[in-house]
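Below, chain A partners chain B and then partners chain C, in two separate complexes.
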Partner chain A sequence: MATLTAVAVVSGIAGALAALLVLAERFIANYGECRITINGEKTLTVPGGRSLLESLAAEKVFIPSACGGRGTCSYCKVKILEGGGPLLPTELPLLSESDRAGEVRISCQVKVRNDLRIEIPEELFNVREYRGVVERIRDLTHDIKELRIRLVEPDAIRFTAGQYIQLRAPAYGEQREPVYRAYSISSPPSDGGAVELIIRLVPGGICTTWVFDHLKEGDEVVFNGPYGEFRLTDSDAEMVWVAGGSGMAPFWSMVRQMAEHGSQRTCTYLFGALTKKDLFLVDELRELEDRLPGFRFAPALSKPEPGDEWDGETGLITEVADRAVEQGTGAEAYLCGSGGMIKAACAVLEQKGIGADRTFYDSFT
Partner chain B sequence: MKETPGEARIRERMKPGVLCADGFLGDDRRRVGEIIDADRAAAERAGTTLDALADRLGGVLDAAVAGLGGRVELPGGQTAVWREAMGRIPCPFGGCGTFPKGEVELTGPGGETVRFTPLSVHLLAEHGFAQGRGSRYRLEPALLARLFG
Partner chain C sequence: MTLGSEFAHALVVCFAAIFTGNILLTTFLGMCPFLAVSREVRTALGLGAAVAFVMTCTCALNWLAYRYVLVPLGIEFFRFILFIIIIAAFVQFVEMVIERVSMPLYQSLGIFLPLITVNCAILGASLFMVIRGYSFLATVGYGLGSGLGWMLAIVSMAGIRRKLATNRIPEGLQGPAITMIIAGIMALAFIGFTGVLAGR
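Moving on, here comes the complex of A and B:
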């Protein structure tokens, strides 16, 4: 009897506490409707209480995010001019000094509790969420795959060659929540009913493990985009492209668009790999050399194996760039790869007369 | 000793599927604090410290990254190769920012190999955490001590 009484008392207390929490959430944590003014022009009215990232996404304004709002990727930076409240401890490690000086915040950590004024790049208004079906998965090398996704809803995408999308990897295995990862679109913009991606396996990577071990042709996928400012200029300047591995992706989109438009621009594409088995799309790029009079594809191996019978360029891609570029004055450089490769390549190209103002890059890291 | 709430939160972030597919604990059932204490003692038995090992690994990382994917030879007779990867990964301890993905394969003169990442170096240097047994990037103090001579 005493036990039953104790259980009843504890249950009653728990119930009362739960009711108090509900009331507290309803009346104390209820921030009502809040207005978010974007770029001084567009105003959204949203229910308060959610993160800025979630609130914007609910209104179909997509800010890049790789970690699903867990405050770990730092992609979702937004400039908040008013109403953001004090900087949070969870934001501090992800913001540089210039971010803080520029009123930049981590939007997945900032709660919408009052009206806000924010600034975001105009290009983000073109970002949509897309549903598609995997039409083809093709092995390009032992650790790189090409995905072709046919769009279902919406059934077409508009983007500039060089931009990227964020592919959603759903919960699978021990992965309890979906994550998003950024991949450059490798198909040309004219192929608007589909997107192609070039994906390299990252050991222990959540999304790439899903792509390599679980994703099948015919599966539905979700992604958002397009994002990014990496693109060719409209000039006629001679170009040097430098990439390795999955850094091929934006250039594969760009060169196919150049071929469609009959571009006359002079372009030397330096692509670095370790051995011959790490090269891909070589035949396709050689064919484009025939179609584009100014285009030259120069693959380079840093450690060719005896069986490779390689008579092409050898050495690190930066050494190859040093040899390939004699006088770079007036030329433009486009780079896609790791931060280390980009830093090293920029140093070489600067010495050849291609300064920072004429160097454009899409860094992996 | 019971796991503190702070340790429990860190352990949750270290589990597979939270920050990376395989997590940071491998098949190790010990508390994070126990792993750190045991590895500190192991380093001492091997005649070194976790700080010293982290320092050496940092040097190897810098040399390997500068090698841009080619195998580099190190002064102690080891070789290292850097494999780049897209993206960044946060520290599971929280509050430390994010680190570039990619891994270094370090091979000693005797052929022993260990793999580590920029985040591995940070975890060892700042938190004394060498990752759980069975983890892909587990840094056994005794093995490292042998590799570095």
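Moving on, here comes the complex of A and C:
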């Protein structure tokens, strides 16, 4: 009996306090409607009281955030020109001197309490949620698939070659919540009505398992993007590309764009794989070698099998790079692959005189 | 007890809670924010003030709930749950009010409030006041004293850590290790207050 009374009393008090908080939220924490002006051109009207990051996401303006608004990753930096209030102690450790001088704030920590004027990079303005239908799934190797998604709403996307999107894997099986995973776009920007992705099966990976075992042609998928700074510079400098496995994706987009524009840039593409059966798109790249005077594709196998009859480069991609890149070259380097590969390759390139200022990479982590 | 002597008793309890029975340095409650937020004196001061305020208010509220709800119904064993609910709701409410009423206060104090809900020193103070059978006034004194004592400890620690920053510390002792050692030495120093108040 005492237990029942106790449960009733505590529930009653908890209920009363909750009701009080709901009322307080309605009357005290009610900031009415606030207007957020972005880059001086677009104005959003949002209910006040939430964080700037949440308010923008609700209006389909997506700022990248890795920690989900907990104020630890510092990805969601945004320039607030007016109405942001003073800097919060929770933001200070995440902002550099130049950030502070440039009115940069951490958008998941800033609450929308009044009208705001903010500035975000033009690319992020382009970031939005897309719905599409899987048009084609084809096997590139035994563990790499190419996914082609025809866009439905909106029906076109603008991006630069090298950027990535975040694909949503819905809840399935044991997986209770949808997750987002980043994949580089492998189709050229001119093909704006669709995006292609190159996805390698990660054993136990939530999103890749979904793509390999559950996703079928004709299924609807959701993704947001495009994101990322990985892109070719506008210079005419010679280039060295280094990739392995599904790191092919951004380069497959870039090289096709170069072919469309008839680019004359000199480019050596070093692509690493274990055996011949891990290589893909070789014929297509060979054909582009014929069309682009400066482009050379150099696949390398690290563990060729006896039946492979391989007469190309062998060894780890870092060893191949060591042989292929001339000392003191003025080339720019572009890398895409695992963090370990990139770190090792950067060290080799550094020795060859290609410093960090001329090395660009997109690392899988 | 007359009101005057009760007030005097509350003052003694308050003083004892700051020095001789410092909740942080004698019972080691509220260690996580003590270690994490003691890097700068200013933030330590903000967090300490927030703890002192919340501790005073929640001790009083919990005393009322205990005396007038739990005891008459004979369900004192539910105090853990009830105290936590009251603390959480109070902190939420105060945060909302401060944010609305005064931005400068919110800047210096308000943002620490969510951290405090899970500060075990706050719950500890409420439980101690029950065990020790304090009157209402003594409870308020105890809450305020414990809060100020916690604030004193974290601000001193922040001051010491500022000095440490410019000194060379052996590699194996850097970070939390040296902070724990300093906390231990501070606790020893506070034992020196024992006997200041006879019978405490």
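By our rule, the second predicted complex is superposed on the first by the 250 of 365 C-alpha atoms of A that agree within 3 Å, B and C clash if a C-alpha of one lies under 4 Å from a C-alpha of the other, contacts with A are read in each partner's own complex, and residues count from 1 in each chain.
Operating definition for what follows: contacts are C-beta pairs under 8 Å (C-beta built on N, C-alpha and C of every residue); 3 or more make two chains touch, one makes a residue touch a chain.
All values reported here derive from a predicted model rather than from experimental measurement.
Enquirer: Just chain B (first), just chain C (second), both, or neither: which does A:V134 touch?
Expert: neither
Enquirer: Just to be sure I read the superposition right, which of the two partners does A:A2 touch: chain B = first, chain C = second, or both, or neither?
Expert: Second partner only.
Enquirer: Looking at the overlay, does A:V10 come into contact with chain B only (first), chain C only (second), both, or neither?
Expert: A:V10 sits against chain C, while chain B stays out of touch.
Enquirer: Between chain B (first) and chain C (second), which, if any, makes contact with A:L288: first, second, both or neither?
Expert: A:L288: touches no partner chain.
Enquirer: Have a look at where A:L20 lands relative to chain B and chain C in the superposition and call it first, second, both or neither.
Expert: So A:L20 only meets chain C here.
Enquirer: Return first, second, both or neither, reflecting whether A:G85 touches chain B, chain C, both chains, or no partner chain.
Expert: After superposition on chain A, A:G85 lies in contact with chain C alone.
Enquirer: Determine, for the superposed model, which of the two partners chain B and chain C contacts more residues of chain A.
Expert: Tallying touched residues of chain A, the top partner is B.
Enquirer: Which residues of chain A are in contact with chain B in one complex and with chain C in the other?
Expert: Residues 89-90 of chain A touch both chain B and chain C.
Enquirer: Residue numbers of chain B touching chain A in their complex, please.
Expert: 15-23, 65-71, 82, 84-90, 94-98, 100-103, 136
Enquirer: Quick one: which bits of chain A touch chain B in the complex? Just the residue numbers, please.
Expert: 66-67, 72-74, 89-90, 92-94, 173-177, 181-183, 200, 202-206, 209, 244-246, 272, 274, 302-303, 316-318, 337-341, 344, 364-365
Enquirer: Report the residues of chain A in contact with chain C in the complex, numbered from low to high.
Expert: 2, 5-6, 9-10, 13-14, 17-18, 20-21, 24-25, 28-29, 85-86, 88-90, 111
Enquirer: So in the complex, which bits of chain C are touching chain A?
Expert: Chain C reaches chain A through residues 43, 46, 65, 69-70, 73-75, 77-78, 81-82, 85-86, 89, 92-93, 96-97, 99-100, 103, 107, 111.
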